[in-house]
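Each in structure tokens, the structures are laid out below.
Okay, so chain A shows up in both of these, paired with chain B first and chain C after.
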Partner chain A sequence: MIRRQFLLGAAATVAFAVTHPAFAADTIKVGLVLPMSGPFSQYGQQMQNGIKLFMKEHGDTVAGKKIELVIKDDGGIAPDRARRAVQDLIVRDKVDILAGFTFTASALAAAPMAKEAEKAMIVMNASSSGITEASPYMIRIGQTLPQITEPAGRYAGEQGFKTIYTVVADITAGHDAEAAFIRGLKSTGGEVAGSLRVPAQNPDFAPFVQRIKDAKPNAVFAWLPPGEAAINFIKEFNQRGLAAEGIVMLGTGDLTDELTITQTGDAGLGVVTTGHYSMAHKSAKNEAFVKAYLADYPNEKWPNFLSVSAYDGMAVLYHGLEKTKGDASGPVITEALKGEKIESPRGPIEIDAKNRDIVQTIYVRKVEKVDGRFANVEFHEFPESRDSAAAK
Partner chain B sequence: MTSNIIGILFDGLAYGSLLFLVGVGLSITMGLMNFINLAHGAFAMAGGYVSVYLGQKLGMSFLLTLPFAFLGSALLGLVAERLLFQRLYKATHLDQVLFTVGFVFSSIAAAHYFFGASQQMSAMPDFLQGQTRVAGVDLGKYRLLLIAVVAALTVALHLTLSKTRFGAQVRAAVDNQDAAAGLGINVGLIFSLCFALGTGLAGLGGALGIEVLGLDPGFPLKYMVYFLLVVVVGGAGTIRGPLIAAMILGIFDVAGKYYVPEAGAFIIYVLMIVLLLAFPSGLGGKRA
Partner chain C sequence: MTIVSGLPHSSRPLASRSGSSRMNHRSVAVDRLASPRPRLFEAVVWLLPAVAYFVFPDNLALGVSIMTYAVAVLALDLVLGYAGIVSLGHAAFFGIGAYAAGLLAANGWREPLTGLLLAGAASLMIGFFASFLVVRGKDLTRLMVTLGIGLVVYELANRLSSITGGMDGLSGFEVSPIFGVFAFDLYGKTAWWYVYGVSLVVFIFLRFVVSSPFGLSLRAIREGVNRMPALGASVNSRLRIAFTISAGVAGIAGGLLAQTTQFVGIDSLSVPRAAEFLVMLVLGGTGRLYGALAGTAIFMIAHDYLADIDPVYWEFWMGLLLMAVVLFARGGIVGALFNLVPSLKARFGRAAQ
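Coming up: the complex of A and B.
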């Protein structure tokens, strides 16, 4: 009897789904590809928190349509899993818009399918240069590595450091960072005295740091993968007394991310980095954002660039849907969003009308202790920074 | 220039000490017991988390947490050995590899569940921070601690295995299980204690290594190569072999990265190949 009722119910559900396709038209499904498990699950968590926070503040209805999220886990830097997730999202879940994409590998794996299916893709973090070329419906809201790195070079040049060394991880991102830094430095007439490439997986930075110490430069620019590499490098730099000898450490926000800034601890004080978001950014919008975030997620790590980019990604999506009056098709919403400007917790951001890439202010910050917690305190800015590698 | 070389040698010795600390436990479980234990890193990670937990939640000083890291991992090892590992002593090496790799993945998931994906930090006391100047050479204080611990540990392990009744029983059980059992030695118990000793040492290494290696759920996989390197080059089943191997690898790795940074990442592996060609059964040789 129970069994029969169940079957009846199931049949009714199927019949309903088949005969009422119009049911779906009042909702817009957003498929999110995020690393919710594995070594980068914190990243996925940060982004999901940002998305949920935006929807809590702005409601789940826009232009008369209900926004429904479908979250898929790509488990980190795993293009094959991202591809499968996107295929599932498009074919089975029939999502209208794709979003998320923490890593370039995931975004590039998804792009051909998004292009084929004409789905807009809101890239919230993947940061290799020029990836928006992979699909005409891709919009980037996060950052690009050259965009945040080049200003570090320009800043170093403006400071008039006589000798500057670069230390980067020997992987593609490291090479890109090295090139962008040198490009920025050269634009101000400066030059690097030496470049060091170190293994990305490197338990002990002692020999490299000692080498720098013996070379006695005025400043060192470092790009290392966030996590134990960045933490260890800064600690070793401090332990060997380089900071005490007046050698300035420069880097991108990856070195002093809000997720690791406490682990680095006092050793990180005084490190100068360039980045697009600091939790300590001074604006009413950011203060409200941070407060709301910490209220909702008191047990999680502090909001960092990932939660802000995800929050902004949703803001852009809502703006786009308002403009198109709820039309979520890729070509329409992409067109509507070209040149869009919004006020983000990080400051003003713009979607470049030409290449759909992010344009934003890049801040120069220094690690300081503010009210007992470590913070990237902004003290200089480079407004309207673009992806300097793609521009050339 | 000479102070330069001495500094590099010192850093190399300290790095070698770290390699030895994380690897020596494996020499015991893998070498003495002939058990392919790829789960070694899981126990090292457990020791690290014990140290971090006691330091952060109970405010214990870092040095005080070290014995607990050893005991915690040893206890965990003992339980795991009784429940799981001992069932595979007689299994083929492939089965042991499959099982221990599975154990690693389970431990990663467990660490993730309890502690989250983030990097943990150990609260180094102030007196272990920075460098101290000895005869014109700057020596890292934390690195001095590593070297001192290794020196003490080597002596203690050597004495335990060669001078005590327990050591004699271990050697007997390893050489010929049946004969040892026939003489009334409780081989099962000896193996359990051996396993606990190996995992305890792993835990100690994990806790001492946090400052340099970091600690997150990916630990057991990330550093597996290094544990194996020390034991394979050193020759499993001895204390002397892995010690010499760790020091050679440490010094050459540091010197290589300092003098020829372009080749820095490969030196340790090239050295492994050369040493294994010259000493196929490891520097410590095979136990008879």
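Coming up: the complex of A and C.
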């Protein structure tokens, strides 16, 4: 009798074990690698806010599956930690999809693992050119540096500026930005008069700005890491009277990011930048997004490109899962998302069917004061911009 | 007197002088000098990771990281704990090894073992040249010089982005299977045994170095640098040798990182990384090799655990832990343990007899 009960129990256990994977398959685990601590924790916070906001608006269930987030901190530009986080996510937490990746180094360090484990990887911010080649299951939702920089060159060429100086931080991203700007400028018949590279850490801009002032160009293109460097450069530029002399400052959105634009203050007025997202973008979708964001996170100053990219990353993920009816395996969902178009708060975006990279409208914006707030006001656009460096 | 055990050795002359009886102290010292053979507890310590492999099969990635960094921290222990040179530039050698291994693999030299040796050799060589600068001057000067080396190498790697990949890091290289048989796998099993083997070999090597007359002379230099020339020992050349060996070992650690992660980030040779090595070493205890191992393991496990619980404020808890260790466990965690053993013996030893 006891023996029979034992057998029954054992059979039940086996039956449960067999059906158990079906329970597990009802949830889809999304592993997020974000900088939640260290100097870039604000980036991670913005992105996490975007993700949470999307899930609040659209629910945590898609195609009958519950979405479960597992957040890992990579502490900033620390590729070995990002890699270990991804290995843990795959092996220990058994996630189905990887997302996040604020820095190129993190994304590239994680790519071989994602490729081997056949996990889709939704890159929400890492911006170096051509990184989607590192894994066939990598999809980029944010932006690429050449993609947002080249239009600045094209715009400068179209404006007919005769002499243009470039100033970039002496790091990989700065070099890429310089090349992309010059490429854009040449395509519209412009020419660069001189290029300066400044140290990335604690730079003193005074001598550089003075040199530019002495050269009296029509415009200056600057790429500096967002944050202190960008703020100091704009202030120095203004204090030395370059703006007053009519020298136009051009840059990418990094120069006038939503998070630093207030700190530059009046010195930043009139700076022309190219970028894919401005909080002041005029569309119903964006207005709703900004309103919902500020309602949920009143302590954050406002959403920037990071929260939008993270928001869109989740939107793309949900679309993909709906298309595959909940199949989250890397090859299937990547295939389903190739060529996918969605309407984002930043405007229309598309995932390139060939290289899984982001295609989007790049706007030319000018810093103005709108309702007492500094904002990047869009006045010109380059639709369907791609990363031309990657295309070559 | 030719072979000296590398095991903890009271580095406080004052404390030993105040010991109860001179005879007793002497016999302890003779005990320590007696045998180069590994003690039982050492075998146990080295079995721990192997046990962890089977007990925590899901944490192999962390295990690989711990052992990789432990090799670098061991290298730092040789110069800091034994030779008394405070170095803030050890990440430079770690990074040089990592880039050397990464670049070799990227350019077709995919065999891991020779790649690792070449990585070690590269940073050994650069360490040799750097050692001439480092041994000049005293503590603060050395700190500055090593810091300078770290900054220079970092900036070089940043500038030469066409070779190193700059901020984006060096990626897209693959490493052949070990001995042509064991391929590096997703779960990190091969990487785990590879790093375990290499770190054991490095440890045994360092154990011989520190227990050799050379190792003893390093400690003598640390304790009384002015007396050493009177004994006919050249202080500078010994320090140079120690620094060079240490740089080579740090390079091997870097090589392990590159080979097991298939990626080299520029952060691997940053000064914060060097400071992290220093923290791990001080946490575990300097000048006893096992301190380096324990410090690295505890630091990284605590880091992993805390960052999992609280991804945003884990650094706060980490800081508390470090302060607690520094304030309450003199000589680091391993140092405190070793101090505990004699006092326990003194208390319970008689009763047991």
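The rule is short, and it goes like this: the second predicted complex is superposed on the first by the 368 of 392 C-alpha atoms of A that agree within 3 Å, B and C clash if a C-alpha of one lies under 4 Å from a C-alpha of the other, contacts with A are read in each partner's own complex, and residues count from 1 in each chain.
In this section, a residue touches a chain if its C-beta (ideal position, glycine included) is under 8 Å from a C-beta of that chain, and two chains touch if they have at least 3 such contacts.
Being a predicted model, the structure only gives us computed values, none of them experimental.
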Fit or clash - chain C, chain B, common chain A: fit
Partner chain in contact with A:Ala117 - chain B first, chain C second, else both or neither: second
Partner chain(s) touched by A:Leu259 [first = chain B, second = chain C, both, neither]: first
Touching partner for A:Val91 - first (chain B), second (chain C), both, neither: second
Chain B versus chain C as contact partner of A:His175, first or second or both or neither: second
Partner chain(s) touched by A:Gln210 [first = chain B, second = chain C, both, neither]: first
Which of chain B and chain C A:Ser41 touches, first, second, both or neither: both
Chain B versus chain C as contact partner of A:Tyr363, first or second or both or neither: neither
Chain B versus chain C as contact partner of A:Glu228, first or second or both or neither: first
Partner chain in contact with A:Ile77 - chain B first, chain C second, else both or neither: second
Chain B versus chain C - smallest C-alpha distance in the overlay, whole Å: 6
Set of chain A residues, in rising order, touched by both chain B and chain C: 37-38, 41, 170
Chain A residues within the chain B interface of the complex: 37-42, 170, 196-199, 201-204, 206-208, 210-211, 214, 227-228, 231-232, 235, 239-241, 259-260, 262-263, 265, 301
Residue ranges of chain B touching chain A (in the complex, touch as defined): 4, 7-8, 11, 14-15, 18, 112, 116-121, 129-131, 138, 140, 142-143, 211-214, 216-218, 222-223, 226, 253-258, 261-262, 264-265
Residues of chain C defined as touching chain A within the complex: 58-62, 65, 158-159, 161, 165-169, 171-172, 186-188, 257, 261-263, 265-268, 307-308, 311-315
Residues of chain A touching chain C in the complex: 36-38, 41, 71-73, 75, 77-80, 83-84, 87-88, 90-92, 104-105, 108-109, 111-113, 116-117, 128, 134, 170-173, 175, 200
